[in-house]
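What follows is a group of structures, each given as structure tokens.
In what comes next, subunit A is part of two complexes: it sits with subunit B in the first one and with subunit C in the second one.
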Partner chain A sequence: MANTYTLIEAKTLTTSTASITFSSIPATFTDLLLRISARNTSTGGDCVITFNGSSSSYTNKILTGNGAAASSTAGSITGLDSELVPSSYTASTFSNSDVYIPNYLSTSNYKAVSTDTVSENNAATAYADFLAGLWAATPAAITSITCTPNANNFAQYSTFYLYGIKNS
Partner chain B sequence: MAAGATYEPIATTTASGSVSFVTFSSISASYTDLILVTNCGCVSGAAALAVQMGTGSLDTATNYSTTWLSGNGTNAASGRVTSNSYLYIDARVVLPLSVTANAIIQFQNYKNTTTYKTILSRYNDAAGETVAGVGLWRSTGAINTIKIYNDNSNNFVSGSTFTLYGIAAA
Partner chain C sequence: MDKPTRIEINCTTGETSIIELTDAEIADMETAALAAADQQAAAEAEAAAKAALKASAKAKLIAGEPLTAEEVDTLVI
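On to the complex of A and B.
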């Protein structure tokens, strides 16, 4: 049977970077999985994930645990949020995220996204986030994905791997 | 995870018209773990996403338990159900009326015949809740059939997709 879990593109940052984009995503898969290991160059700013260059029509529900309490937030936002370790955290620690996008080629359904993120630190407060995301723009195939910190830059050695998963 | 030949589609279904359930049967024993991915909605929201499994036939007895952590945008909560006749995947919330929910359900070591089976799940509906769950099927039987449905006998909407993948350790 065919290999259906395929690396589309990998990006490893050799210097601090303002944003990364996977463009021209092939239309040959069923689902996409974006795996992120990243850190912010300064004290704040999460990773914001957008599709096809759009910064509108995103909503989410987030469940967060910080080691002391659990909470939940929601919003209409400019992109889907993924936790980023700030520069104040223990050196060499990076956040870790899985972003799963089923049926990214659909032209009839909004895109429902699942994200799991952790930012362990072995020092100050760290976070685990579960996110339900929806991109409710006019349904169109996702052809590009952009990741941008909402403040500052991605740190050197941050990595971004985009996989395609096919159901046949 | 390096790209490899161990993440293979076993079967996939796209609902053409509304369907009440999807069953994967005669599941191959060639893998180590299973992953079921769905992108779905329900014709009536008054239903929770449910899963049963079995060896040869579905186990409909009260051999399932689920513990979950959920967030609805305002509150975080945790709950559990024991000795139930199916697994909850979505913390008993209502399903959306369009194909805007997804769930990723992992069945670890599904074919072993010595231990009960543990299931990890994630459910997402940006208009409802995000849920992380752990389930237990109290059976030492190998899983070779899985049913996904909702617990209020409502149908999935047309366009809902369901795919079962096999993960091989070697």
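On to the complex of A and C.
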């Protein structure tokens, strides 16, 4: 059981930004946790997370609910999604996402990832997503993580916190 | 107009770089923006259609009228 959390890096955007990358991630932890609070400057309701600059070999299962209906999807994709609040949602609201990456240093196992994310909106529709994802590229330690909106830019004041977790 | 930028944070040194996107990356962004707008419009249309079916199903149930298969689908999981 993980019992230590160390903040590796944090960033609050001071202007709209197309993507954010945490590179040269230290190889001194057991797991990683990426905590995102973000908003899109325009349309685009997904934050796409990729590892080591790769946009292939990702698969996922997503359970989505919006308060009125629930659905489940699966597929091969170019990255792992978490919710992102588009500009059509209530002003100054942001998504909240936790992206958990256990055993990120393994060079023998594919990388299993889970995300737990919600979008905020003072209206009828907002979403909660739970994702089980796998990055099934040739096993390699994760040294960089990139977050990109599926369209347009992250809005000012979006925040990204990367934590390292040790099991002892 | 300024080019869009991306941020890279080196977690070992703490150095933050702000990098302008290339023309190709900007073109990709514009394509993605169009696709996202289409996707959002389709999702909104689908949600509106489902809401209309559900309202119709409710009205017919109250009035004791037969439902269509699509209306039943909104009530039965």
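Just so we're on the same page, the second predicted complex is superposed on the first by the 163 of 168 C-alpha atoms of A that agree within 3 Å, B and C clash if a C-alpha of one lies under 4 Å from a C-alpha of the other, contacts with A are read in each partner's own complex, and residues count from 1 in each chain.
Definition applied: a contact is a pair of C-beta atoms (placed from the backbone, for glycine too) under 8 Å apart; a residue touches a chain by one contact, two chains touch by 3 or more.
In this text the structure is predicted, and so the values were computed from the model without any measurement.
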Query - Combined model on subunit A: subunit C and subunit B, fit or clash - result: fit
Query raised in the report: Once the shared chain is lined up, is A:102 touching subunit B (first), subunit C (second), both, or neither of them?
Result: first
Report task. Kindly classify A:167 by the partners it touches after superposition: subunit B alone (first), subunit C alone (second), both, or neither? Result -> first
Requested in this report: Look at A:79 in the shared chain and tell me whether it touches subunit B only, subunit C only, both, or neither; answer first, second, both or neither.
Outcome: neither
Report task. In the overlay, answer first, second, both or neither for which of subunit B and subunit C A:114 touches. Result -> first
Requested in this report: In the overlay, answer first, second, both or neither for which of subunit B and subunit C A:9 touches.
Outcome: second
Report task. Could you let me know whether more residues of subunit A are touched by subunit B or by subunit C? Result -> B
**Report entry** Touched partner set for A:18, first subunit B, second subunit C, both or neither
**Finding:** second
Query raised in the report: Mind checking the angle subunit B, subunit A, subunit C on Cα centres after superposing, to the nearest 10 degrees?
Result: 110
Query raised in the report: Tell me, in angstrom, the smallest C-alpha to C-alpha distance between subunit B and subunit C in the overlaid model?
Result: 9
Query raised in the report: Where on subunit A do the contacts from subunit B and from subunit C line up?
Result: 69
Query raised in the report: Which bits of subunit A are touching subunit C when the two form their complex?
Result: 8-9, 11, 13, 15-26, 42-45, 69, 86, 88, 125, 150-153, 162
Report summary line: Given the complex, residues on subunit A that touch subunit B span 1-7, 30-31, 59-65, 69-75, 100, 102-103, 106, 108-110, 112-114, 116, 130-134, 136, 163, 165-168
Requested in this report: Could you please specify the touching residues of subunit B with respect to subunit A in the complex?
Outcome: 1-9, 12, 37-39, 69-76, 78, 98-102, 104, 122-132, 159, 161, 163, 165
Query raised in the report: Where on subunit C is subunit A touching in the complex?
Result: 4-14, 16, 21, 25, 29, 32-33, 35-37, 40, 47, 50
